[in-house]
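The first chain written gets the first letter, and so on, giving A, B, C, D, E and F; residue counts start at 1 in each chain.
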Amino acid sequence: DARMLTTGLDCVAGSGIVLSAEQRAALQSSLPTLQASQRFRAIKLWGRIVALSTEYFIAQAYGSDLLDPTVFYSSDCSVWAQLPRVHPVIVEAASKIAGRFQGDPAHEYSVTQPAPAADAPPLNLPDEVAALRKTVDNMVTTTLTEEMRLAATVSLVDFEVAVVPYRAFRRNPDGTIQACKSFEGLTPLEATKLSSFYHFRRPTNSASESKNPAIDFLDPITNDLPKTSWSLQAERGSELSVLRSLLWPGYVFYHVPESRIFGSFYSGLGTRNNDLVFMLP
Amino acid sequence: MSDNESDDGQRGPSIGTYEGERHPETMARHGRGVATLANGDNYEGMYENGQRHGKGSYQFVNGARYVGEYSQNKKHGQGTFYYPDGSIYEGSWAEDLRVGQGKYTYPNGDTYEGEWANNLRHGKGTYTYAKTGAQYVGDWKQGLRVGNGELVLGKFRYQGAFSDSQPIGDGKFIFSHGCEQQGSFVVQENRTADDDAIITVSWAGKSIAATR
Amino acid sequence: DATASLTDVPEASTHVRLATDEVVLFAREEEDEDSLVVENAAESLDQFRAAGLGLGQEESFRILLAIKNLAKAKPLRSVRFWGKILGLEGNYIVAEAEYREGDEPQEEEEAEAEPEMEGDGDGEEGVTNEAPLPKSSYKAAPPIPRENVGAGANKKVYFVCAYPGAEWIALPLVTPEQIICARGIRQFLTGRLDAAVTSFPPFPGNEANLLRAQIARITASTTVSPQGYYTFDEDDDGDEGRDSFVVDEEYEPRSKAELLDPALTGWVHHSLFLLPQGRCKWINPSPKEYNDEEDEDEDEEDEQAEAETGPPLLQPLQNDEDVDGNMAWSLRLSSQLNPTSASVIISSNRWPGAHTYAQGAKFANVYIGWGIKYSSTTYSPELPPMPAEEYPVGVDISEETDPTRAEEEAFAAAQTTA
Amino acid sequence: DARMLTTGLDCVAGSGIVLSAEQRAALQSSLPTLQASQRFRAIKLWGRIVALSTEYFIAQAYGSDLLDPTVFYSSDCSVWAQLPRVHPVIVEAASKIAGRFQGDPAHEYSVTQPAPAADAPPLNLPDEVAALRKTVDNMVTTTLTEEMRLAATVSLVDFEVAVVPYRAFRRNPDGTIQACKSFEGLTPLEATKLSSFYHFRRPTNSASESKNPAIDFLDPITNDLPKTSWSLQAERGSELSVLRSLLWPGYVFYHVPESRIFGSFYSGLGTRNNDLVFMLP
Amino acid sequence: DATASLTDVPEASTHVRLATDEVVLFAREEEDEDSLVVENAAESLDQFRAAGLGLGQEESFRILLAIKNLAKAKPLRSVRFWGKILGLEGNYIVAEAEYREGDEPQEEEEAEAEPEMEGDGDGEEGVTNEAPLPKSSYKAAPPIPRENVGAGANKKVYFVCAYPGAEWIALPLVTPEQIICARGIRQFLTGRLDAAVTSFPPFPGNEANLLRAQIARITASTTVSPQGYYTFDEDDDGDEGRDSFVVDEEYEPRSKAELLDPALTGWVHHSLFLLPQGRCKWINPSPKEYNDEEDEDEDEEDEQAEAETGPPLLQPLQNDEDVDGNMAWSLRLSSQLNPTSASVIISSNRWPGAHTYAQGAKFANVYIGWGIKYSSTTYSPELPPMPAEEYPVGVDISEETDPTRAEEEAFAAAQTTA
Amino acid sequence: MSDNESDDGQRGPSIGTYEGERHPETMARHGRGVATLANGDNYEGMYENGQRHGKGSYQFVNGARYVGEYSQNKKHGQGTFYYPDGSIYEGSWAEDLRVGQGKYTYPNGDTYEGEWANNLRHGKGTYTYAKTGAQYVGDWKQGLRVGNGELVLGKFRYQGAFSDSQPIGDGKFIFSHGCEQQGSFVVQENRTADDDAIITVSWAGKSIAATR
């Protein structure tokens, strides 16, 4: 929430993530305006992707579905543009782009991948997605803009590392997800354990036969591979739990135990750490 | 019992000296003996019918040494060769060649322990690097890592196909922290400013899975 | 104030222990007005924060206090906040300092000791006693000596603590082989100085050494300043690569336009380039005592003695190598809405997290990150070299055949006849 | 709570109340230490009284009784001393002191008041309190230190203006008071009304025949005289409600509607605005 | 980020309206490099914040932007953030500015108009037409003329807005009677400029005027600077109370010790003293045209023409009157732990909320508070004067008795006989 | 009918002129008449037996004027007096004195409306200040505010005891915002540098209560 911007930023400052007073002031003005302009229920600052010649600030606005935000970007925290929704095949292609964001939303990237096997089921791509793909010699070359890459990166980060504490959300019988009013924060002990944190995404393991499907419906991060793809530290003693992703360095989740204060911020290059398995002790 | 009268002969063409048992009939060197050969090498060990046969120790003038079994003048059976460069082979010989199980210790301290054929690493064998402790465990062909093998590199291991001693193609890294990464080593050819090709083999990692 | 949580059950949390440590920071003391140069870390971090970089205010202030405490505790000539390196289990607050001349701690001489050469075994397992077994012909490259305190990669000393208020621990001096190995590995730090480094190739040292090596690499690459701020000392003999400089008292601050020039002519490195050898000042790894001067033009030493060179000190950044095809540095103003009082920020793309601000006549460097160099390509672990070759089959190890009885007799006959 | 220090301070900054980074850093270290040293359940920064030559920072630490804190003061946010508990007659005398705090805890004040009527019930003062009072010519002169005045002022401010939002606390059947776990914050509309705020003190009007004595047990501030002794403003739009006392200028209560974030801070001269009735429009 | 509150019901809150207003602040524009002097309000407020004073960072930055917007919108020569005054329903952000010469707005001449004198009625309710009724002998004191734009209490102009981004509104010029009345009342501001002032005695104007009067009083009392920072212009004819000054280009910053000297010799007022008359420059309220110069030594004018004087400009604060027996100013360092880079803070005890920092060659004043002067004594409202006395009984209003018939006849007889 | 022949007589002692009705028997001025008096004042109005009696208007040469009722040469009954300084009394007279209900408008615009006795404000009366609109409503004694009274001061009122026209002692301020403050006006004597006593009366407020 824009209202909690300062608290949240305080919690990630120890990870080297700060915003200037100018940026914060601009966000405090522009985010509520953005939220109101399209009648979103809530809006939050998602993070910042540092490109070579600029910084892309990312905000997510929510309607009724907490897992399907509308995403905006801005390079000055003031003027926001909506990011396109990108098709999964574009996300997949974007995930293959190596190297830095350039800072020009119109910059074009080309990604060449092997074409799907001939006997694979047809993709049935929408026309505008198909238009981006060109198959030559059994290789598919996808051309996408930096804006698309940005959108893809945000959804990749959300899918791979967005985290919430256990019990903070519940699933209603109709499948919608909502904040759990009775959530009082993790205990200080829980806050020191990776097992208390869950992916905030539609569960990939749908066959979960949990005893309490209203609560235990999210994927635990302890199933992540490698298991140690997180750095969980207590900052300022046990006053604050900080969970840093090693897969997407720059993704920092924070939680004040025994309080409802939690959130996350991404501040990084927008590139996945594909070397993670080698870098762990 | 031995004719050692010629030992201190004049310097000239020599067939060396021999002191030891001979065949009672043919008088050929036979049984335990000590020989100095024409080139100054020494042999101390068993003979049979004039040929080194059985356990023996051959000392080259250059310092090299073989200690082990002979058969009909050829290193054969278990034996240890101390090469002039300090390397050592300890293992099985056949027809003067390293054949069968053997351990070779290289001058830099590396070792190879495993199967040999035709003097070369061949079959299953483990090569251990002294400096880093790394190991290659796997198939060898004619001295080279060819076939399937595993590189043990401290906290992680690589399992995959090797050819020309290089990992090439699909394989996987297995990490001690409990997961493994499929992928392949791909050959890349870069060109230097002088248009010389620089061939590098580099890892292209793909999916990550839990180690079974 | 969350009066709402007033009924929390009390617990002797780590928080309290931490806070108790920190309380020492806030002990007030008379200000020491001597020549010690202590960077105002809080002020520099304020400047970075105004650009959306750096650390939080409270931590910045604690760091300032911790650095002042360090300055009090050790005989230092200067000290500044170098940065913060994140680790898996803990983080490092890093301070860069110079000892006062003569107050350098005794160098640990054991580091100079020749490492025991493996494969150089003297054949103690010799089968017979008669003749010595061949010695290994393998000559490991002699270790390149590390640079001394105050020189090259060891020009400054570094102190680290886990958080402001925790004990400052001096990092060991860095050796060339540590730097060289560090370049080939890609490793998260744990936050424990005594942790083993589990890299391949194995790192010669523990995490303290690796941390120190990374600091050396980052420092050499990212310590930049506005051109003209530093100048070579006139008295300094500048014949062969000057390695010291002084603040130019007459420095006229560069204009923002100059500092923002994408040609990067407004900025210079003021840390020495770290050579491939792992030193800043090249050393001949196998120095032969030259018999005479005229031997110098002999070509035979070529393969082992080509001196490495790097860009000299205070050279503009414009010659810096690209980073995977992108520019090595990104430039921007700290504020877009208030450009007149904004500072110019230059950020390394080689070491993301390394930033420098310059405003007026002030500048500062900082590094906050994981201590990992940027790479756009997937890490390919350094593999062991090709297996060694066995000793070649040749005449020198071909056994002489014993003479046959017939030959013996013939020889004996010939001898007898002679 | 010391944990929420920054959030709270952000909320009162618009009223001209800020702490320096130095002060905040010191507080973040010293308050938890202080809390632990005497095993308090919680500790919070109460405020700051600006004396002529120093500033007194005040912290309150809580055991089981939320309405009976132990009070500490410090002039550097680092070294804390406990304030004495002062007897009501001392509080009463201290409330008559005009003028500024001097900045010297040992400074002595004399307050002369008419002695109680001869037929008044005896006060039964403890010896140490009686020792401070001297009766001459039917006038009682009380001599007290600035430290006592400080303690008295804190308890006066708490009694007269300490505020909490409606529903944030409940009274247990045994009479103890505890934070109400189900409190979700005031609605934005409620947050604009003085009637949503209550005195956080033992109710003076004990004869309240409320329908819901567990919730409706505190004195509403709408009974205060004058009724307009508060300035209730929304800051940053309706994001933050700020309630400033006019009786004790410098007392600022804040609440983020629809959240559990609320609290207060006093930053002033430590003098009551006895002219209030004249100053209102 | 309180993802927890994501399910909040949306509402078109005032927040959004506010934010929409503020968005104009963040419109980026080319920096104007002309001679306009705009104080970096954010920087000054940073300094105050480092002393535990001032406002939050975001608000400070918004104020800076708002002030820059003001500077763009009006033909100003200089503008600075003066402070923030709290009101019951809203607050005022106050900027202090000077117009460029010649660009002053037209003065509202109606302010000069003679106020209609009550009790000066011309007897229009006269009973008979025959003779004029007596005129009131009461002479209300003529209004003291206010000082013109650029002079005295109106030396600077003030703009206020409800929050940064809201429209800046110029406050009216202040009149002496407003200042005099403001001194006698004790009144919270509402936050609405057009609100009536409900004080007793009634204030001559609305809240905008009262606000302006309080600003004048606070400015005159608390605008202080390190001694030597300003100096009198050499070219200025300094005969009779110089009222302008310039920044001393050669100003050597005062040492902290000097600034902290409790004798207050390190600080001077650089706003003119506000005389009891409500002006900075005294004016003879009832000037008689002197017939000749020699008339000056006549004593008869004494009771109405004793000129008020105040301390001259740039006089140290040491002569400032006590505040209810306490020192008028409190001095301290902004930081106790880091005194070397701390600033010196001087705080007015007369107007709590008025502070000045000085660090190096920089200083700034700010006021943040309710706009109420400190008083240790209870406010005693000014009561109306004693009731007037009726016209004294005397011969001039004693009626003559009509002559009796006898007298008439006697007189007539006398006339006839004459 | 009237003897106006002496009007333009020589300047000398004069008894003025009279034009108007006279008593048919005594010839004394009686009924309506217009008189110029010896000092130049004029009277126009009713006479009875030579005395001004009934309604009349008396014009002083200095500009003052009385318009109202007379009784036996004295102002008596309702009348309005315009004083030379511009003040006006409109109300009840008795024996030439302001007595009973009357309103006095002072030169500065202030007014007193209420009871008079012996020419002075006495009894109940309301004094209204023109400049500020303030009012005193309450008791007067011999021209001064003495007794109980209320000062109406815009948004607040003071109720309490007055003596010597000053509020002294207990009283209360009543505020339009709905509460009142008990307290008292106390006399303080301060001394100037020259040791002159400065007596100030100031308010000492005490408890605050809701206005009933």
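One rule holds for everything that comes next: a contact is a pair of C-beta atoms (placed from the backbone, for glycine too) under 8 Å apart; a residue touches a chain by one contact, two chains touch by 3 or more.
These numbers come from a predicted model, not from an experiment.
Interface of chain A with chain D: the two copies contact each other largely through the same residue positions, with over half of all numbers used appearing on both sides.
Between E-F and A-B, more contacting C-beta pairs join the chains of E-F.
Between chain A and chain D, the centres computed from C-alpha atoms are 43 Å apart.
Chain B and chain D have Cα centroids separated by 87 Å. Per-chain Cα centroids separate chain B from chain E by 102 Å.
The distance from the centre of chain B to the centre of chain C, each centre being the mean of the chain's C-alpha atoms, comes to 40 Å. Across the assembly, chain C contributes residues 2, 5, 8, 13, 15-16, 18-19, 26, 28, 42, 57, 59, 65, 198, 336-338, 377-379, 381 that each touch 2 or more other chains. The residues of chain D that reach two or more other chains are 3-4, 6, 10, 21-22, 26, 28, 32, 76, 228, 236-237, 239, 259-260, 274-275, 278, 280-281, listed in rising order. Each of the following residues of chain F touches two or more other chains: 155-156, 173, 205.
By the definition of touch given earlier, these chain pairs are in contact: A-B, A-C, A-D, A-E, B-C, C-D, C-E, D-E, D-F, E-F.
Contact residues of chain C toward chain E in the complex are 26, 28, 31, 40, 42-43, 46, 64-65, 68, 336-341. Here chain A touches chain E in the complex through residues 1, 3-6, 8, 21-22, 24-26, 28-33, 35-36, 39-42, 44-45, 62, 66, 76-78, 164, 168, 178-179, 183, 200, 260-265, going by the rule given at the top. Against chain A, the residues of chain C that register as touching in their complex are 2, 5, 8, 11, 13-19, 48-57, 59, 84, 86-91, 186-188, 190, 195-198, 324-327, 330, 332, 334-338, 349, 352-353, 368-370, 372, 374-379, 381.
Of all residues in chain C, those touching chain B in their complex are 118-119, 123, 127-128, 130-138, 140, 198-202, 377-381, 383-391, 393, 396-397, 399-405, 407-408, 411-412, 415.
On the chain D side of its complex with chain F, the touching residues are 225-228, 274-275, 277-278, 280-281.
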